[in-house]
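Quick one: structure below, then a few questions.
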Amino acid sequence: MELGLVGLGKMGGNMRERIRRAGHTVIGYDRNADLADVHSLEELVGKLSAPRVVWVMVPAGEATQATVDRLGELLEPGDVVVDGGNSRWTDDEKHAEELAAKGIGFVDCGVSGGVHGLANGYALMYGGDEENVAKVRPVLDALKPEGDFGSVHAGKVGAGHFSKMVHNGIEYAMMQAYAEGWELLEKVDSVENVREIFRSWQEGTVIRSWLLDLAVNALDDDEHLDGLRGYAQDSGEGRWTVEAAIDNAVPLPAITASLFARFASRQDDSPQMKMIAALRNQFGGHAVEKKP
Amino acid sequence: MELGLVGLGKMGGNMRERIRRAGHTVIGYDRNADLADVHSLEELVGKLSAPRVVWVMVPAGEATQATVDRLGELLEPGDVVVDGGNSRWTDDEKHAEELAAKGIGFVDCGVSGGVHGLANGYALMYGGDEENVAKVRPVLDALKPEGDFGSVHAGKVGAGHFSKMVHNGIEYAMMQAYAEGWELLEKVDSVENVREIFRSWQEGTVIRSWLLDLAVNALDDDEHLDGLRGYAQDSGEGRWTVEAAIDNAVPLPAITASLFARFASRQDDSPQMKMIAALRNQFGGHAVEKKP
Amino acid sequence: MELGLVGLGKMGGNMRERIRRAGHTVIGYDRNADLADVHSLEELVGKLSAPRVVWVMVPAGEATQATVDRLGELLEPGDVVVDGGNSRWTDDEKHAEELAAKGIGFVDCGVSGGVHGLANGYALMYGGDEENVAKVRPVLDALKPEGDFGSVHAGKVGAGHFSKMVHNGIEYAMMQAYAEGWELLEKVDSVENVREIFRSWQEGTVIRSWLLDLAVNALDDDEHLDGLRGYAQDSGEGRWTVEAAIDNAVPLPAITASLFARFASRQDDSPQMKMIAALRNQFGGHAVEKKP
Amino acid sequence: MELGLVGLGKMGGNMRERIRRAGHTVIGYDRNADLADVHSLEELVGKLSAPRVVWVMVPAGEATQATVDRLGELLEPGDVVVDGGNSRWTDDEKHAEELAAKGIGFVDCGVSGGVHGLANGYALMYGGDEENVAKVRPVLDALKPEGDFGSVHAGKVGAGHFSKMVHNGIEYAMMQAYAEGWELLEKVDSVENVREIFRSWQEGTVIRSWLLDLAVNALDDDEHLDGLRGYAQDSGEGRWTVEAAIDNAVPLPAITASLFARFASRQDDSPQMKMIAALRNQFGGHAVEKKP
């Protein structure tokens, strides 16, 4: 089939390559002309035969909104827009409604896979009407990993991004689990081979996983991670997971703890701990550490 | 080699079988005569040639202490006791000292694998002097999974159980991670195929793992887990992990949250939430739910 | 001065009374004609002299929006609307802009005090331009507690509700603190007089507070809270506090734990704990509790 | 009455003064001869008339154990030892048994009050048999605050220290509550007068407390706490509270979060966050911050 692909960055570029390898035609557009096959969205749409499928792979928020808006002007009834970016699920219903008013279909698709996706395939979670999903099916099949897994029609519009968001929330807590265990092992004198303990866990244990394999890779690079700062960014999806939990009155203590640990890691000095120190000093005469 | 094995329950019985399949001689003792090869620890020790290795696989605490005490009386200098049970790491140094006073060696060994261990091997984490570990090596090789992983000399006496304990702590938080994500997905209307979402994650995602595979198995048995109560026991090792963290001033927010969630799951009614309800009623005139 | 007061429920009704006792004229409107002094917002506005001040005390969200919209039509340049309800701070800037387009001022005011406010005064946190605040000042002075405290100009528009929201977030964690301590004391056999321990803490301790006094009152009513269910509602403000923290990358572990504990208290059975039980059963053959 | 008081540090010295002001005779011993009234425990015991009461106010652990041991040798049946230090409640039963074997009574007493105790009195929580408590009563009455509160017979031996420990656990979470709220208010631009917001809360709010008063004092000293480092010590009692919760399967999410926040505040760099950064880099090619 033919696919229009908007956004050819680290993810989009690899996805274009994987879809082409599967024998499909991909016409890619990017603001960076060095990456692009065409010079404009208009040209991209003009090169596709109806019913057109255009996959949007640009940053969530304003960039995605602008692209969806422009595609709404360029596409025709029966065409389908896929948002494969990291949009918040609450944006999906809005986009679906805006496009539906013009007869254009919408599918949201959460994509996981990172730098390994080109070779191994991308995990796909998508939401939308079966009719629209069917038009995208060949591309979904090309992107997903081989085998029986890796691709799911999660539900209605929004369910794809919602599932991907929850995937990332789970990822936060799994990473935190290994990180907490690693720190505790590193702290205790009688434990002498933490890297080899992690390596040994790769088979026969309850906690074997791909993330564990990556942890071993990281420790092989730098046994005690001495070269790194304990500083972790977070993407929007961890935050959105907690917000969705709050909206739905679902307690997420481990995922939220993992998010907060990242927030704290980025503070040079903790304001709340200044207040704790100040209070301890007030009532107990406890010494405080003054800044130099 | 010859091994004395004390404790032939679910774990010990399967371990005897796996060691025998590897060609070693195992003499097993259990209080349950139907399971045992010999009628007493004395008989067991009498059947082994020096240097003897006796692997203890009985409940942590009193039963293990009594067995170690009795073996201290029966064994001779140069023999080795292995504690493969779920002992707290703080017991190991004590046992090692008691036995060392009699010239008997000690190795602690955390064993993971559960019901799948007989077929797939057991993950082993052991601690102790190289000299003592060497005497147990053939049995360790028989028990571990095939391949390069699954077995590690973690450090000094105690490091084996400590590593296994941390493994279980990580396991708590990983299970909690999937459980939180599953609850959130089940709660939201637009998401229609939660089981299939979990299944799809088994390939190509960051969160693929053996625990995820088990979660899919569980959902295949009972798609919404309707037949289960939300009630989870905890073993000692999750608690000890948090206590070790406190001893070492290591923050473990996700692992601890996972432990507390299990505690709460076993309360018919939450005393602390009664106090919250009572306070809300006091200051705001908020309605409280009275017991029938 | 003259005040128009919209919303005469539990809070609004008592506030009208307290403002009148201070010698001001209050014209109250409520959809419930039995409570109201006038029959419509139109009539209310008509009875006030310019510059008019209308205090809105209706449920946050749609009801407040509708009232602000209608007042925008009825009031004149130089008048001021005060939103004293529990609006989310993000609504305030929107309301301020809508009214400013018509020359009408806006002040947001968080109000604390509950059922004790009529007698003791209400704590007030307000945001807005000094010019608009000045027009409301006599009413603010009438509502606040006597003495030097209880009233603050917190900052720009939105800062009032934001401060009140944070107040409530702190309240969640303080309540949780006492509740956790109470449960632990009640659980331990050697501790025999938990109510009297709480009572003793009312003087000379670091943790003495008004909430502690309320806890003692509650325990005097029902020593072990046997008559209550461990079931706690939450208002929007606890949730918004956590959302504001996420927006600002501020870790709030204690406040969030308090919110999640309330969520969990309202679940008859915990879905996430079903998943934990299912996983334990899968890997360890651990027994699960089936539903009857 | 006559009291022997062992340990005349910051707490013990002030307590001697307060008891003397109430008209009792206090004979104080301290290793620091400048502070002491006598030169040895032997001399101290020799100066008291039977039945003797000796109050021990030395550091928990070895120092208290050594003092109790020595008093066990010096005192006679019918005498009473009071441990007013910060001993772990689990030590109390042990001390009581050791002394009971010699006919000597034991009372454990948790003491709160800090630097304000001399003037305002100390909150006292004590455990032990009524017979022994009665012998100490006049001193308990002298130490406690005036009024109806501040002193409680909490239960059996150990209940005093247990109650004090829980008091401190609650204190941790209350301090954390204010600290989290303060940080969030400081972070948001529209909020301009955080110190004045805190000050206003001192009357008419749900969260007014002595700790809040102290927070205002601290902010009056240094409005944004710019001079302090966000670095907070913890005493043993917060840790013991969490350990007691674990022993009793009581979930304490807010108190534990408060303890962990202090642990994290003392780390120059977070090892667990290094692992998070390393994993993010492994799977997503996310940039890591290298150490300079």
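For the reader, a short list of remarks on this structure follows.
In order of appearance the chains are A, B, C and D, and numbering begins at 1 in each one.
Just so it is clear, a contact is a pair of C-beta atoms (placed from the backbone, for glycine too) under 8 Å apart; a residue touches a chain by one contact, two chains touch by 3 or more.
Here the structure is a predicted model, which means the values were calculated and not measured.
Common neighbours of chain A and chain D under the contact definition above: B, C.
Most remote chain with respect to chain B, judged by CA-atom centres, is C. Matching CA atoms, the turn from chain A to chain C amounts to 180°, rounded to the nearest 5. Averaged C-alpha coordinates put the centre of chain B at 36 Å from the centre of chain D.
A straight line joining the Cα centres of chain A and chain B is 33 Å long. Within chain B, contacts with two or more other chains are made by residues 114, 176, 178, 180, 183, 187, 206, 211, 250-253, 257, 260-261, 264, 272, 283.
Looking at the complex, you find that chain B touches chain D at residues 206, 234, 239, 242-243, 246, 249-253, 256-257, 259-261, 263-264, 266, 272, 283.
Per the touch definition, chain B reaches chain A in the complex via residues 89, 112-114, 117, 120-125, 127, 144-145, 147-159, 162-163, 166-174, 176-178, 180-181, 183-185, 187-193, 196-197, 199-212, 241, 244-245, 248, 250-255, 257-258, 260-261. Contact residues of chain D toward chain A in the complex are 10, 114-116, 175-176, 178-180, 182-183, 186-187, 211, 214-215, 217-219, 221-222, 225-233, 253, 257, 261-262, 264-265, 267, 269-286, 288-291.
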